[in-house]
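By letter and in written order, the chains are A, B, C and D; residue numbering begins at 1 in each of them.
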Amino acid sequence: MSHLEQLYQQVILDHARERHGEGLIEVDGAAMAGESFQVNPTCGDEVTLRLRLAPSPDGGAPVLEDLGWEGVGCSISRASLSILTDLVVGKDVREVDGLAEDFRALMGNRGVSLGDEREDRLEDGAALVGVAKFPARIKCALLGWMALRDATAKALVIGPS
Amino acid sequence: MSHLEQLYQQVILDHARERHGEGLIEVDGAAMAGESFQVNPTCGDEVTLRLRLAPSPDGGAPVLEDLGWEGVGCSISRASLSILTDLVVGKDVREVDGLAEDFRALMGNRGVSLGDEREDRLEDGAALVGVAKFPARIKCALLGWMALRDATAKALVIGPS
Amino acid sequence: MSTTAEQATGLGAQELARVRADFPILTRQVNGKDLVYLDWGATSQKPECVIDAEQDFYLTTNAAVHRGAHALAEEATAAFEDARAVVARLVGVDDDEIVWTSNATAAINLVAYGISNATAGRGGAEAARFALAPGDELVVTELEHHANLVPWQELAARTGAVLRFIPATDEGRLDLSVLDEVVTDRARVVAVTHASNVTGAVTDLAPIVARAHAVGAIVVLDACQSVPNMPVDLHALDVDFAAFSGHKMLGPTGIGVLYGRRELLAALPPVTTGGSMVEIVTMETTTYAAPPQKFEAGTQMVAQTVGLRAAAQFLDDLGMAGVAEQERVLTQQLLDGLAAIPHVRVLGPLTATDRLGVVAFEVAGVHPHDVGQVLDADGIAVRVGHHCAQPIHRRLGVASSTRASVGIATTPQDIETFLHALAGVRAYFGVED
Amino acid sequence: MSTTAEQATGLGAQELARVRADFPILTRQVNGKDLVYLDWGATSQKPECVIDAEQDFYLTTNAAVHRGAHALAEEATAAFEDARAVVARLVGVDDDEIVWTSNATAAINLVAYGISNATAGRGGAEAARFALAPGDELVVTELEHHANLVPWQELAARTGAVLRFIPATDEGRLDLSVLDEVVTDRARVVAVTHASNVTGAVTDLAPIVARAHAVGAIVVLDACQSVPNMPVDLHALDVDFAAFSGHKMLGPTGIGVLYGRRELLAALPPVTTGGSMVEIVTMETTTYAAPPQKFEAGTQMVAQTVGLRAAAQFLDDLGMAGVAEQERVLTQQLLDGLAAIPHVRVLGPLTATDRLGVVAFEVAGVHPHDVGQVLDADGIAVRVGHHCAQPIHRRLGVASSTRASVGIATTPQDIETFLHALAGVRAYFGVED
């Protein structure tokens, strides 16, 4: 794989073209909803991410019921948002937190794999491993995850009504 | 002459020790008097120079009747003030202007003589020719002359009463 | 030394090859390819003489300036002041009208904070001419780099002044049809770029300066892009202040220049205060030295002034008219080449007349950072993003762009390599034609 | 790399010879004599590794940082941020608490103008903690360099705050007996030097920091003289801001450092505004990036950060405890030698305990500039004047002084040569014994 192909793996180019979760979701007033607006200061690109949590049916951590996003950004940031959407919708916030941590670890790992187990959990997100070799692009890949964390925190503060 | 001796000629060292004109003169309210305070910003040294002009007896330019100065400064600045006192007291302001111009020219001449005629006019001041080879000291030698110009201008503005 | 006639024809292939050989970094390989550096508009590369001048200074002369009785200090001071003289000459002004700053941004901020301090009553009676009253107007343009926009926004916020702006046209030039409307007699400052770092448009300054002066406003010129690329005579332009950066004009990083008309520098209150800019300091109060020292607090970037001197001399030896003509031809080549690639839109004028060789463009369907990344794989260095000029991007309907910019050592071959690589970018990302 | 035990005994003659050989300029001749450089306190000379680091950067890596998609830009950014990490480590703080400035003076001014901007209502709710009300007090000391005095005078003048100061003793130390009286609960800032550049006195910071924090004031430390000459752990000292200069610590000119406690940097409004420190810019308004970028407007002194990195690494490799011990021995030699010359009075403590090797003195009957000039004829470089610290000179009864200051490559022989030449100065000017 050439240097460039490590960054732009086919699955990334596909997600950048066929984006999952693009478009903000409607959240009715009653839900545990959160929204976050994030800017990548290096490039000025932006994303707005909105999500809705639902109380866990079994009394555990709330579940991320749905999310959507919109913004301007490069193929890496958009692919990352698309992959994130696939990964986190339907999981409870504790699981989502774990995934976010895995993803952050992947970005800090200079292109080295985190091992099969953790990377399997990240599904298509593991294809972003090469981004960590391009320091200027790490923020691109993390932008959506920052918005996700912020929006989740806001939704949790509001709490179930 | 060594590099250093070009700066510190004997006549300069003598003037620095036996200073002419040191001490401010009294100026009565009626006179064309002027005073100037100057600082050499490089070293923080200061001089205050006070002088009194008198109308010319023959209707020409006013005459610099007396001056005195006080301040802190290096041997070059004090010698220059001492020499200046000898040179200008009793001359009319137009002659003084000419001397000041000669002296400034000497300081701008990188240690080269201005020729016998002009240097003779400067009397002991010609011994300061070597100062021009020490750029950091030129301001020392000119400090008194700046005060002289400023004080003269002030005295002329006030005019004879 | 070229005559004016020779200059008008650019440098010629042989002279260009010789100039290019002066830039050691240009022999570098990037990702296995020869470096093609087309990011001169962000920062220039350095000829060997500049690197050597700075190095020699450290090896033989380094000392604090304007302070010592010793030989090194005298030599360093002479080098420092000689640099001021050479830079002053390059832009047609007097030595004591040149203030060293750390970059152009700092130079513009110096003026803005000087005005702020005057408004706060600092600087005595002479400074009152700068003091702003609420409702006074500061005029900028939609083409400005953030460096010549945000400091004026902040000055307005600090003082109650009002910010107005001259809009841009679709072509990326200033719309001077509204000049008299925007620059009213409440205007106190008109801050304008000499050349846009996005659209490359060179500003028609004469009417702006005339209008500003007619209403009693001072003109602050951002000369960052012009000084490295064309002849600039600040006295002839009749501007009041001007700012430019060493690193963009073949000089070192860490140095910028503020030009100020002599009487304005004398009247403007100091901004950064500390050592070497004072006369008498007591615990209670301080009196200040004359300009330029008044604005140069603390130990200055002496080695960098020596490097910048070498850069200014290098440019002066080439002749700025020749440099400009050289780059004009390359710019036209670049514009023509971009026009021939489908789905590429240039932001800015499409011909190289009154236009510098900073050429920003949009590739439909591909984000600029992705464009830049693919070019980088071929060793081609361009800039991506908003180039610190978000408003003009917004005005032209994009969030960001890719920008190729030429410099003194750019060759026609560089541009061919770039155009060839760019033509393949959309296919790489599978964007349909 | 010395062990701690070795460090406590200084460098040793052999290691000193090796260190000295790293400084090419020290082989220079001045006025036909070998250069004896005793002006380290004004600016340090540069080891070859620092000069080379900067040169290599220009030869291989030069590019604008935090901006590009291209390889040079990425490499330059990595070098720039790595420098921040190495400098942070040298002074015991975190990377993102280090802001690059053009010199220490600019660093102190940054804090003063940040407070000014907060007082003008900039920076939103978090910045309100810095806002000054008339009658609030700013405390400085009589030992300060103008760089840590004049900015606070000006801040007071701009805001209506009141300046107070901790006086100096006859020995040239701070008189801490009046600490509680001077630092009242109206105090908002205590600006204090870590070591005087005139008397060499090292400040006993603990009681000052404790008192300042007890009354809710922030401590701004001038660490210009301490960082190059002794171990400094800013977190352990618990100061809020600190400033020091690259050129005094073997680094390049044109770079300084501001340390700020993380949460204070986050709350302080930006000062210099422009590119690379913003998030979103419209024509009307701007949002700012997080620190340290918030304070680094425009193109930074990238090559100088790389040089400063090499300098910090050089010092760290030697070990600051060893450097301090080395210089303590030389300082004692210097003090003893001066005590033995009639009619010479040292300004400052007479022993090398809690004292750095900047040794200012008066030669009765000879003006400092004349002293320096005669020494220069023997190739000896010392500093003359008020050393940008007029108040402490006035306090000690002189207008100016001659100052010898030792550095990392000073030898006992340098000091002997200096003392020998100094002993002849009064005779040269024919001053009676």
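In the analysis below, a contact is a pair of C-beta atoms (placed from the backbone, for glycine too) under 8 Å apart; a residue touches a chain by one contact, two chains touch by 3 or more.
Quick caveat, the model's predicted, so the values are computed rather than measured.
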| item | value |
| --- | --- |
| Pair joined by more contacting C-beta pairs (B-D or B-C) | B-D |
| Chain B and chain D, separation of their C-alpha mean positions in angstrom | 39 |
| Centre-to-centre distance between chain D and chain A (centres being mean Cα positions), rounded to whole Å | 46 |
| Distance from the mean Cα position of chain D to that of chain C, given in whole angstrom | 31 |
| Numbers and ranges of chain B residues touching at least 2 other chains | 42, 44, 46, 134 |
| Contacts with two or more other chains, residues of chain D listed in rising order | 31, 67-69, 73, 278, 280, 368-369, 373, 384-385, 390 |
| Category of the chain touch graph - line, ring, star, complete, other | other |
| Those chain pairs that satisfy the touch definition | A-C, A-D, B-C, B-D, C-D |
| Interfacial residue positions of chain C with respect to chain A in the complex | 31, 366-370, 373-374, 377, 384-386, 390, 399-400, 428-430 |
| Chain A residues within the chain D interface of the complex | 39, 41-42, 44, 46, 134-136 |
| Chain B residues within the chain D interface of the complex | 2-4, 7-8, 13, 16-17, 42-46, 72-76, 134, 137, 140 |
| Chain C to chain D touching residues, read off their complex | 24-25, 28, 30-31, 35, 37, 39, 42-43, 45-46, 50-51, 54-55, 58-64, 67-73, 101-106, 108-109, 113, 117, 120-122, 140, 142, 145-151, 153-154, 157-158, 163, 165, 245, 247-248, 252-256, 271-276, 278, 280-286, 297-304, 368-369, 372-373, 375-376, 379-385, 388, 390-391, 394 |
| Residue ranges of chain D touching chain A (in the complex, touch as defined) | 66-69, 73-74, 77-78, 278-280, 287, 289-290, 293 |
